[in-house]
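The two complexes that follow have chain A in common; it is paired with chain B in the first and with chain C in the second.
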Partner chain A sequence: MTKLIRGFNETNIWNLLAFLIVAATVIPVANLALGVLPGENENWRHIREYLLKDYVVNTLILFGFSGLFASLIGVSLAYLVTVFDFPGRRFFQWALILPLSVPAYIAAYTYSGMLGYTGIITRALSGLFGRDISIDIMSVPGAIFIFTFFLFPYVYIISRAFLAKYTASLIESAIMLGKNYTQIFFQVILPVSRGVIASGSALILMEVANDYGVASYFGIDTFSIAIFKVWFGMGDVGAAAHLSLYALAFIVFIILAEKAIRGQKRFAIATTKVRLLTPHRLRGAKAAIAAGYSMLVWSLGFFIPFLQLVAWSALTYEEVLDQSFLQATVNTVFAAAFCASLIVCCAAIITNSARISRSRLVRTAGKLTAVGYSAPGAVIAIGVLILFIWLNAMTELFWSYSLITSIYMLLFAYLVRFMAVGCNSLENGFEKIGKTYFEASRTLGFGVTRTFFKVDFKMLLPSMIGAFSLIFVDMVKELPLTLILRPFNFNTLATKVYEYAHDERVHHSAPVALIIIAICSISVYSLSKLDKE
Partner chain B sequence: MFLQLKNINFKYDGNHQYVLKDFHLQAAKGEIVSILGLSGSGKSTVIRLIAGLEVPAGGTIEINGRLVAGPDSFVPPEKRKVGMVFQDYALFPHLSVYENIAFGLSHLSKAELSARVNSLLELINMSEYGSRYPYQLSGGQQQRVAVARALAPKPDLLLMDEPFSNIDCELKQKMRGEIREILKSESATCLFVTHDKADLEDLSDRSITIEPN
Partner chain C sequence: MKKFWLLTLSLFLLSTVLLTGCGGGTPAPAATKPSVEAKEVNIYTSRHYPGIDDAIYKSFTDKTGIKVNVIKASGEELLQRIKTEGASSKADIYLTADAGNLYLAKQAGVLQPFTSPALTKNIPADFIDTDKMWVGLTMRARVLVYAKDRVKPDDLSTYEDLTQPKWKGKIVTRSSNNIYNQSMLAAFIAMNGETQAKEWAKGITANFARQPEGGDRDQAKAVAAGKADVAIMNSYYLGQMLSSKDPLEVKAAESLGVFFPNQNTTGTHVNIGGAGIVKSAKNVDNAVKLLEYLSDIEAQQKFAEASTEYPVNPAVEPSALLKKWGTFRKQNINLSKLGEHNRRAVQIFNEVGWK
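Up next is the complex of A and B:
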């Protein structure tokens, strides 16, 4: 009997809640991964026979080249701005993060507008050379260009922090041993930062896998596109689920590869002492090349498309800012604020119970939420769809409400997708606070729950606000989940941009795109602050 | 005996080796006992077990005649009536000195509460510091506040984890004397952990040495 009573103490209630939330967020993907699949059907056999190879090849090409180019640009720029001093260095240090504030699909629409027959770049080139020169961006190389120039900051940010903190003595001793800076880059910096580059590239590849906007606009068949086509074109959840499984395999591959590469990096940092490097001053041609290279990347990845969007907005804002735009804004803000608050609360429960629990199971459960963030949006959408079809069938007998056409399905999918963002931020927050305040409060007579509200909550508040804004931003630009799961006629700012672009009205997408970019720069700002710490 | 640990076994999660094996400890009411040992010998663990912050793998703990940890029972820290002073003091940074000391007194009426907090502030010679925040205090002041906060709910037992490790040498001696006076005037039973032999002579009535297991 005493055991039974002990079983219901406060800690266990926290654990139970945490467990339920984690289970809810993991089930949709686990469902797919554990093979709760409908049997093979005609559609799936057709896809497997004739189309699957294309999806695999396209995805691999996009992964390979985007990952490679983005890593090269990211790490070389990081090296440049930490090791050298050149005109504009301080500006580029933070400005090179800006491309992350432009969602890849917006970049794709903008570039295809600029490179279209009447686009500004095409006209400029024609004027310059006196004949028609057109660059076809709506192709696989075009998609690689977009992913490279708008996702490279993932590698840039992590490797810059790493280089600035840990490699000063390595670089200095290499110079003493008679190496020049190019040799140092290839012989010291690249091998030593392998682990960091791997982490950054993994993030890039996950974004590429998650992408729907770029590939669909450019007409490239990737897994996300295939999942869309199968679901919207054929209404075939089974085949979509089979495809999702393949897409998941890619993600597992990325994660394992990252672990394998990182696993060997331990030799890299023999010292934990942080010493900042005094940058080496470049002069003359070298300084011009360094500044020119940074300028080129920054212009292509942010400034040029940004200017173009501003110019287009000036033309179209009066037409665009109408009732439907207002509705989309309300939808976006409501969905983002509601889900972000809910996720922060759930994440607080998960991370707090992980922190106070003695069971290793509970402590690792929080990590499972990462599944939702790693898997491509289209895959999560199918997982959630299957779950809700099943729920609908269960409740049909006594409840006539259709869950599948409701907004709840989409909101739930957002929770699945972004729970990991909340958990990560709050976990870091709790780590900073430490456990002694919690223990002090316990010895002063406060239980787990009262301690949480009286002590932990107040100290965790900054982290909670940080988590809220990160999730909010991620939600604002989210596209694939929203497109698959939204109720009829439900628009967010992101789907609005998507619809304009797909209606061949790229100019009209500009004002909305600018709003999204403005909101996204919030997270870029917090990233740059994180960087400084 | 006022405090009694019998046959205590303990190991940390994921560790095969026991930190404590068949450990015994007793203390009489009003006694100040110091626990001495090398780092890693498990001396802090003893204190955490008594506070209820860790669960023993075996054995029993009794405080003031009440079984707080045994094979079938475990009283959570908030119900043990044990005060604790942490190594880094753990003063809540979002609360003032007054609010920190008042934290464990929410069961009292407002008048009783302010009387108790003010008398403690007087005891630690910090009556003027009630509205300050922890970051505005020196190390020695923070420590006194931490002691006052732990004593405020009149615990059966006060535990201190290396209370002098963050204080510089000159201040240490003075603090030891002050803390001893405070403890004696509250007639508190106290158990504290240290690795500094000087602490024993100045502060404690009796000392125990833990050998690494």
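Up next is the complex of A and C:
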């Protein structure tokens, strides 16, 4: 009996902690959305009449195509590098994660530089064909291109880990039943990995939803842009809240879709026998096609823009690099590492209590963190600011410390922003582990907490480190929150890039962009090492 | 209950271990310093000419011993931050690259009036707010940039002329989200009335060579590439292209000419970068000192040379490049008008379908 009570209490404590963390991450945004009654004022009528249709259509098109293409590329490459052996496979296995290290806004600036009138690609094409040929990247298809090629690794990483560990027997059985590899991909791999694809593409769609940099530079009206314009430009909080409700509907749709896709059939592989697949060796034309496809995607998503940035850096690094960059690098790395660790711990609490709880509410609580990940950065920033002004007023009575000029406000905003990434990764981790060990341990008399540390923790550790790397990379690239919420004289690499890029001096932003890419690459590389073990 | 404390303790330990393990340890340094010193001034700025501004602040600090603390973000974002922070804001100066934003700040009630003999000496009255809430520090003109090989300067005359059918498919400019375009249309509303301004926006939209995209530089490049004949853009960006390290970009810029429109009518549209002092400012004296310094000859010269903007201080000559483009007559309106009509301008853009 005492054991029962203790177990009950423990679960409650987990739930309580999880609830507190989720509440803390949701409050800043919810506060805004609920505090303002969406109004039917003149601005709103104006938006509805002239703009709303464009916003909806553009956002849907971006969502649909970026999500579709990125998923296809991600899964097909994951299938390719795990199931087959071809020249360069070992390299591509990890190198295909690299596009994630390039911030989308930098990719957008770089590509439009290369494809602009003075750009190297335009020059090369013109030289080749003897007349001016130009590709217009600053368009909706261009934005889809950028999102696809720089975000597909979200799907790639997660489905590769899944395929490598859990599908060996399925593939072997299918071969014995006389299926060829194309049939296997469509009939076996796609269906069984739809869960991980859904969770990878949910991250992609949320990144697309919160994007401001690419859409504003390319001149595409999306919801993120609209909210910014209405609130900051027209100063109309009510109409902005109204728009946010629409945007929120998109996000809820994504979350529900993800749940539906992966929820129908739980595919937990609770087996100790993780059997690695022996890759099938490709020869001749097939090997060339496999290598060529991987090379193409890698070049477009990383190597070509990387080379261009190196070339630009050669022009400008002397002018740009100075002492302040050392400080900015230190700031960036410390803030990212600190927050990423904290988020992973919090996400472990949230996902573990979601797993052990019977309550539907707790189970879906983790999903709420998606709000922070998918809302436009500027909106979260103001939400956090309001919260901290309130906190500041409370603490002012007995503590002279000013919270709103401190770094803690920014660090907290990072938590709000990236909690969803942590939850998403760890949820997948838990799903892979399944519940059998947990149940066995509980039957043998361990409490929930003890089970977590003694049984689940070790198995979850790879997922935790994976989540850490992902969040770390996201954080190094983060821009809007840092811009608005940073304390005086606090720079990160991303804000340094912004200063030049916003002034349309892309060449000058190149050296800093390269530092960002280098730091993210290290994190990405360690992520891939981890997967191998 | 023991269990609970054990759990909490272990969680804390876990996070500490993870932190030190990942090299985190302490949150980023140089961030939290209590502001007990009065020898400082805090700026929220949307000017982002790295190097230049920082160097000017540094020489100010060297001269006066007053430390300059900076937060940079876009003008809209910073204004929102000041508004939200209210009385607890630590900002002393709000510095931005557009008169429209300064007006919005004034309207929001977050600025306070200020003046000094040095300021009125350095800055012409046109560039000072009617209620002394802000001053202009640099100026830029929104000009017509044309392809030298296809357009003769004689073909160009006014902004209004660009709505003629002969320019169909030949005009480029950036999106209406951009405050420079909004301020330009706001100026037309102020001078010619709403109906004419709307006609103008409609006419320009009908003559677009393509849907607006990219920044001002991209408009210049589109003209150089032959996609359009005339771009409406800030003089500033062409100046930057001419001083680019990329020879191709310089070559492209050299194929373009600069034309100051409306010389015989209403004058060329200009806008300013300027600053106001925040209502809740704790360091008002220091803020005034800094603005005096920024409008004085030394800083104005640096602005002019490094960023190809026009100085507002009449004692300072523009850079050699700007002088080559010649002098011009500017619109004769108080720049507060740009902000006053901003909202209507945004609406008109949406109504006529200027993306």
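Observations, loosely collected:
Here, the second predicted complex is superposed on the first by the 315 of 533 C-alpha atoms of A that agree within 3 Å, B and C clash if a C-alpha of one lies under 4 Å from a C-alpha of the other, contacts with A are read in each partner's own complex, and residues count from 1 in each chain.
Note that in this section a residue touches a chain if its C-beta (ideal position, glycine included) is under 8 Å from a C-beta of that chain, and two chains touch if they have at least 3 such contacts.
The structure presented is a predicted model; accordingly, all values stated were derived computationally and were not measured.
Put simply, more of the residues of chain A are touched by C, taking chain B and chain C as the two choices. Applying the stated contact rule after C-alpha superposition, one finds that A:9 touches each of chain B and chain C. Contact with chain B, but none with chain C, is seen for A:441 once the two complexes are overlaid on the shared chain. When the two structures are aligned on the shared chain, A:118 is found in touch with chain C, with no touch to chain B. Once the two complexes are overlaid on the shared chain, A:455 sits against chain B while remaining clear of chain C. In the superposition on chain A, A:504 makes contact with chain C only, not with chain B. With both structures placed on the common chain, the touch criterion links A:431 to neither chain B nor chain C.
Annotation: chain A residues 6, 9-10, 447 touch chain B in one complex and chain C in the other. Of all residues in chain A, those touching chain C in their complex are 6, 9-10, 13, 46, 50-51, 112, 116-118, 122-123, 132, 134, 136, 138-139, 216-219, 221, 225, 228-229, 231-235, 312, 315-316, 319-320, 327, 330-331, 333-335, 337-338, 340-342, 344-345, 349, 378, 381-382, 385-386, 389, 392-393, 400-402, 404-408, 411, 447, 449, 453, 468, 483-484, 486-490, 495-496, 498-500, 502-505, 507-508. Of all the residues in chain B, the ones that touch chain A in their complex are 13-14, 51-53, 55, 72-74, 76-84, 86-88, 90, 92-94, 103-104, 106-107, 149-150, 152-153, 159. On the chain A side of its complex with chain B, the touching residues are 2-3, 6, 9-10, 358, 360, 436-437, 439-447, 454-455, 458-459. Contact residues of chain C toward chain A in the complex are 3-4, 6-7, 10-11, 14-15, 18-19, 21-32, 34-35, 42, 48-51, 69-74, 76-81, 84-86, 88, 90, 104, 108, 174-175, 177, 210-218, 221-222, 224-227, 237, 240, 244-246, 248-249, 251-252, 343, 346-347, 350-351, 353, 355.
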